[in-house]
Structure formats: structure tokens, C-alpha cells
Amino acid sequence: MPGFLGLVRRDLQLALHHSGDTALVLAFFVLTVVLFPFGIGPEPDVLARVAPGILWVAALLAALLSLDRMFLPDYEDGSLDLIVLSRLPLGLAALAKIVAHWISSGLPLALISPALAVVVDLEPGAMPILVISLLLGTPTLSLIGGVAAALTLGARRQGVLLSLLVLPLYVPPLVFGAGAIEAQETGGDPRADLLLLAALLAAALALAPWAAAAAVRQATE
Amino acid sequence: MRPVLPDLIGEDLACRRGERLIFSGLGFRLPAGGALVLSGTNGSGKSSLLRLLAGFLPAASGRLMWGTQPVAADLAGHHARLHYVGHADALKPALTPREQLGFWSALRGLSRRQAAAAVEAAIAAFALEPVADWPCRWLSAGQRRRVAMARLLAAPAPLWLLDEPLTALDEASQAGLQAIVVAHRDGGGRVVVATHAPLAVAGARRLVLDDYHPRRAREPVLPI
Amino acid sequence: MLSRFANPARFVRVSAALLPWCAGVSIALILLGLYLALIASPPDYQQGEAVRIMYVHVPSAWMALNVYLFVAAASAVALVWRHPLAEVAARAAAPIGACFTFVCLTTGSLWGRPMWGTWWVWDARLTSVLVLFFLYLGYIALVNGFDDPARGSRAGSLLAVVGVVNLPIIKFSVDWWNTLHQPASVLRLGKPTIALSMLAPLLVMASGFTVLFVTLLLIRMRTDLKQRRIRALQLDRLTPAPAPPHTESGLPARPVAAREGI
Amino acid sequence: MNSVDGFLAMGGYGAFVWPAYGLAVLVLGGLAAYSWRRYRASVAMVDRLRQQSGRSR
């Protein structure tokens, strides 16, 4: 498809230039997770019990942080008009931007999560499941978030509005993601949760880009 | 022999932005090689008409036809045959003109080799060689405007929609642009220009948007 | 396309005729429902009089869900056929649905307190209604989040459709989460066995709420149309009559008479 | 008299049944009142604007 990889490469190139955004996302993730023991107390068994929830909620909020950078810069400098006019179907263009956003936010979150799991006493045995659940879950967060980011283009107070739109839609990935880790921790079988997470990803992959495209078309009217 | 392309025809076009009726009853015909100059007071709808012609904005009423085929029927096809240069330059401060022009021509469907050649031609035509590899944040407004204009040549398209192309351009660049427009029209292309400056475009039909301001005499149609 | 300009006269006329009847019927039904709920129905053998809260809690739960489905359906019609009234209906209905959801949550909490000792019970159904409440707030915030009301309505329509697609997934995930973290069985907000004498107040209240919804919907839609009329009139007053048609040299001015004909 | 007190006491659950109904009436009634008042205000505004534009033309 004309320019799909070019669009992903350009967005990643821009993400590298403004690497502050990715650093901000990772810093927020680390900070949020580290703060919880101060609130809950350092007892290992208590922390281990709530570790899956802490890690997943912190990752979800961190991914939410950089969502509005997905379409807003292009909307403001006129690039979005040219993307709409390009030969690349708008759904694929939206997917390209979502993929670039995931690579620069969701992926690093998943990769550094084991380091943080230690801070909240997550069982070593559950670490691989943590990474797998985040690798499966964060793309879904970017896909759903992409739709909300496109919907709120041109709105007043886009940041607050974006998180209000997106949080109820993030409940399923959170439930299955944290559920997978907890199933592993309590000796259960995480495969069911992971399969459900994968199903969510497949559905979001199929539907979200076109919803985001429709929203972009509304924004560039 | 110049390929005989159908005319771009607008019949009784009306445009609504939000709940405001900008203009109505607007008609024109733009043959291959033709030119249409839009003028009128601020807020009379020049930019809105350009965005309508580009297919961003559906006409509130009336029809926009490419020959006999309504534009709305094949929007992707219509987008593929036009360039739209709006007020914003669509340039990323961190990237160089060469990178951005290459990116935009790839997005217009050119292969890597074709894109490279077209980009070099565009850079030469707009005298951008000295700054071709500078990050755009180092460029002046005029230079950025020329890079935005260079997109016109970085990928071939018969219909050019230009919104205030002359702003921020110095005399030499303005003359260069006019020469490029003339060459484009000789090659069978056509151009619609919204401008205040008296752009000397030979044989252009002038359209004053204020003439199509929705008359107040009529009962204001309840904009649903 | 010209239908977009059509004055919604038909709707205004029909709603004017319907409104008094709807208002009357909804008040009558709700009064009858209150009588049946509070006086003419037996206390539950387990929960005693507290069961009467169910006669408000359950109908408002039904309405919360059904109004959201209404908003999503109206939004789908607005997106696909660009029918102007569908957008007006969706925008008018959402706040009503949000109120029903709020009533459902608060009565659920008031019911949980005497029965299970806590103001909030993480029961699967109640939790789904809580998430639905945030979907409503998101829709209302998005619709009012733009300076241009038309833009807000279109964005809201898309969100409502996305939301309704996610509704069953959210419901499933909450049930999955609920069985995963199965609280002590006593906390389970079991559905009391519905005796016939209890069904009557439930159905009467539900139908009363439904007719109330239609009444409020018509009022709010008429208000929305009036607001648009106000904006149009204000805009019209502000835009000065334009200068006479441009008669630049050599270009014949468009014959004014011809333009008047449209 | 005691039937009224019995009725109000609601078998000891009065403190929860009455607030539940009260809240429902408050929220739904409030929404109805608010919507109706806003409707009346809009109608009045339209008439006022129409007279003004009628007079000024």
C-alpha cells in the first residue's frame, strides 16, 4: 500500500526526535508503580496480591497519557488534510499512526514491566505472563485510544475529554490482562485470559482503524 | 495532443460550515487548461469553496461534477487527481524538505524511484537546493511556503487548489510560481486560486464569493 | 440533500399533539406504579419492606440500558442516512438515560446497605451499570465539547455506535471479572423470586418510566430545534445585508432576478 | 394512626425505601422541570428575536 510503511517510519522518526514523549510515558509508568507501596505498605504478601492490578492500571494510564499526540500534531499543522487526500486508504493511514503510537509507547511499557514487577513483589513465575499480557493488551489500548483521539480532534480540553471517553472502553483489556497474571500467580491457568485478550486485539484491529478514519474525516471537514 | 479531460463543473453549490450558510447558488465550469480565481472579502467563503472542491466538505446542496460523474460518487478518485495547498504548510520542524517531499510523493502513490526524481525536479523548480537538507525549523516562512508549493510538482495531479499561494513569497518566488502555473496549464492541468493579490493569470475566470452570499431577503432557511 | 434544509414542521406538529397525552399517561402510570409498589404489594418474606426499592431500581436499570440502545440506534441512523432529526433525538435522549442510570446506581446502593451492610456492592449487574454511566458521561461531554454543535453531534454519534459495540464486551468482561473474584456468596445480589403480585408494580413502573422518557425526549428535541432557530435568527441579525452584486468591469453581474428564483 | 406510622416505618427499612423513592422523584422530576423550563425559555427567546428582526427589517 502506497506509503503505509512510510507513514509509520515518519511517525517513528518524529517520535525519536521528540523522544521526550516516550520517556514521559515510561517515567509515568515507573512513578505510578513505585508510588503504590507508599500507599499500601511494603508487606510483600499484600503487594504480591495486588501487583497485577497495579502494573496493569499504571500501564493503561501511561498509554493514555500520550494518546493525544497521535493525530493532534498533524491536525494542527495541516498534514492530516494531506493524509486524507493521499492514495492510502484512511483506515490504513489511521492504523499506521496507531502502530507508530504503540511502538513508541505500548511496546516499551511491556518491555520494562518485569523490572517494575520486582518493585511490587510480583512472583517471578508470573513475569512472562505479565509481559505477554501487556504485549497483547497495549496494542488494543492504542487502537481504542486512537478512535477516541481522532474523535476529540478540535474539541476544547481534548486531554480530559479523551480520558473520559476511553476509560470505560479500557475495562475489558484491564480485566483480562490483570486476570491473566493473577491466574498465573494463584496457580490457575492464564491461557483463557490471554486468549480473550488476543480476541479483543483481533476485534479492535479489525474495527478501530475504520472508526478512527471516520472520526478523522469528520475532523477535516 | 493534449489529453481531452472532462470539465470540472459546479452547479448551484451551497456550503454550510457548522450552522452558518456561507454561500449558495454558486456555479462554474473549469475546462482542462483553465483557471479560476476566487476573490472576495474575508469570510466570504474562499477557503470553504476550496475545501469543498477538494472533497473535504460535502456540498450542503447542489452538485460538483467531473465531466458527467458526480465527484461524491468516487471521492478517492477525485482526491487522487488534485493537490490542495492550504494556509498551513504541513511541514514538520524536525524533518528536512527533501525527506518531507519524498514522504508526500510516496503517499501519492509514486514508487521510490519516481518519487526521488520528482522531488529533485520540484526542489530545482522552487530553487530550494541550498536548504533541501536543512531541518524545516531553520527555514524562513517564505522558504517553508515554497516547500509546501513544491509538493505540487513532487507528485503529478491535474487539478491544483491553491489557497493564498502568494503570501510570504518574495517577488522572485512569485514570478517562479506563476511560470510553474502557466506550464501546468499548458500541460492540460487546471488551477483554482484563492487570492487577494492581483495574480496575473491569463484567461482566468474570476469568481467573487460575495455575490453568492445567501440573500437576507429570503426567510432564513432553518439550518438543521 | 435539500431535506437537510427542510423545516422539521412535521415533527413539530406531531410532537405538539403527542406531548400532552404522553405527559398525562406517564404521570398516571407512575402514580399507579407508586400505589402498587408502596401499598398494594406484599413485603418480601426474606427482605421485608426493603424489597420495595426494587420497584424503582429495576425499571431504572432497564431504562438505563434501553435509552443507550436508543441513542446508539439514532446515532447509527444519523451517521448512515445523515437524517438531521436522528442527531437531535440522540443528543436529547442521552441526558435522560444518564439520569435513569444515576437513579439505578443510587437506589442499588440504598438497597445494598440494609441487605448486605455496604453502600456499594461490586455485583456484576451494578458494576456494568456503573460503566454504562461513564459511557453516558463520555457521550454528553463529547457532544458538548466542541464550539460547533453540529460537529459535536456527529462526533457523539460515532462514539455512541462505538460504545454500543463495546457494551456486550464490557458486560462479558465484568461478569468474567465477577466470577474471577467471587466475593463471599452472601454478597451475591440474588434476584429475589418475583411473585406475581410483585410483577405488576414492576411492569407498571417500567411502562410509566418509558412514557416519561418519550415525554422528556419530545420536550428536549423541541428545545434543541428552538435553540437552532435562535442561533439562526441571531446569526441572521448579525450578518449585514451584502453589497449589491459585484459589477467588475467586463463581467456581467449575475441577474439578481435569476438568483431570487431559488 | 398506627397504620400510618407502620407505613412510614416500612418494617424498619423506612430509612432506605423513602430516600430511594425520594431520590428517584427528585432526579426525574428535576430533569422534567429543568427541561420544561428550558423549553419555555427557548420559545420566549424565539418570539422576542422574531419580533426584533420583524421590526428592524
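We call the chains A, B, C and D, going by the order they appear; numbering starts again at 1 in every chain.
In this text, contacts are C-beta pairs under 8 Å (C-beta built on N, C-alpha and C of every residue); 3 or more make two chains touch, one makes a residue touch a chain.
Keep in mind that what you see is a predicted model, and the values were worked out from it rather than measured.
Farthest chain from chain A, judged by C-alpha centroids: D. Averaged C-alpha coordinates put the centre of chain B at 55 Å from the centre of chain D. Inter-chain spacing, taken between the CA centroids of chain A and chain B, is 37 Å. Separation between the centroids of chain A and chain D, computed from CA atoms only, is 43 Å. Shared contact sites, meaning residues of chain D that touch two or more other chains, are absent. Across the assembly, chain A contributes residues 221 that each touch 2 or more other chains.
Touching two or more other chains at once are residues 147, 151, 229, 233, 236 of chain C.
Every pair of chains that touch is listed here: A-B, A-C, B-C, C-D. Listed in rising order, the residues of chain A touching chain C in the complex are 147, 151-152, 154-157, 161, 164-165, 167-169, 171-172, 175-176, 179, 182-183, 196, 200, 203, 207, 211, 214-215, 218, 221. For chain C in complex with chain D, the touching residues are 34, 38-39, 43, 48-50, 52-53, 56-57, 60, 95-96, 99-100, 102-103, 106-107, 110-111, 113-114, 212, 215-216, 219-220, 222-223, 226-227, 229-230, 233-234, 236-237. Residues 79, 131-132, 134-135, 137-138, 141-142, 145-147, 151, 154-155, 158-159, 161-163, 165-166, 169-170, 172-174, 176-177, 180 of chain C touch chain A in their complex. Per the touch definition, chain B reaches chain A in the complex via residues 51, 54-58, 76, 79-80, 82, 84, 86-92, 94-95, 103-104, 106-110, 151. Considering their complex, residues 7, 10-14, 16-17, 19-21, 23-24, 27-28, 31-32, 35-36, 38-39, 42-43, 45-46, 49-50, 52-53, 56 of chain D touch chain C.
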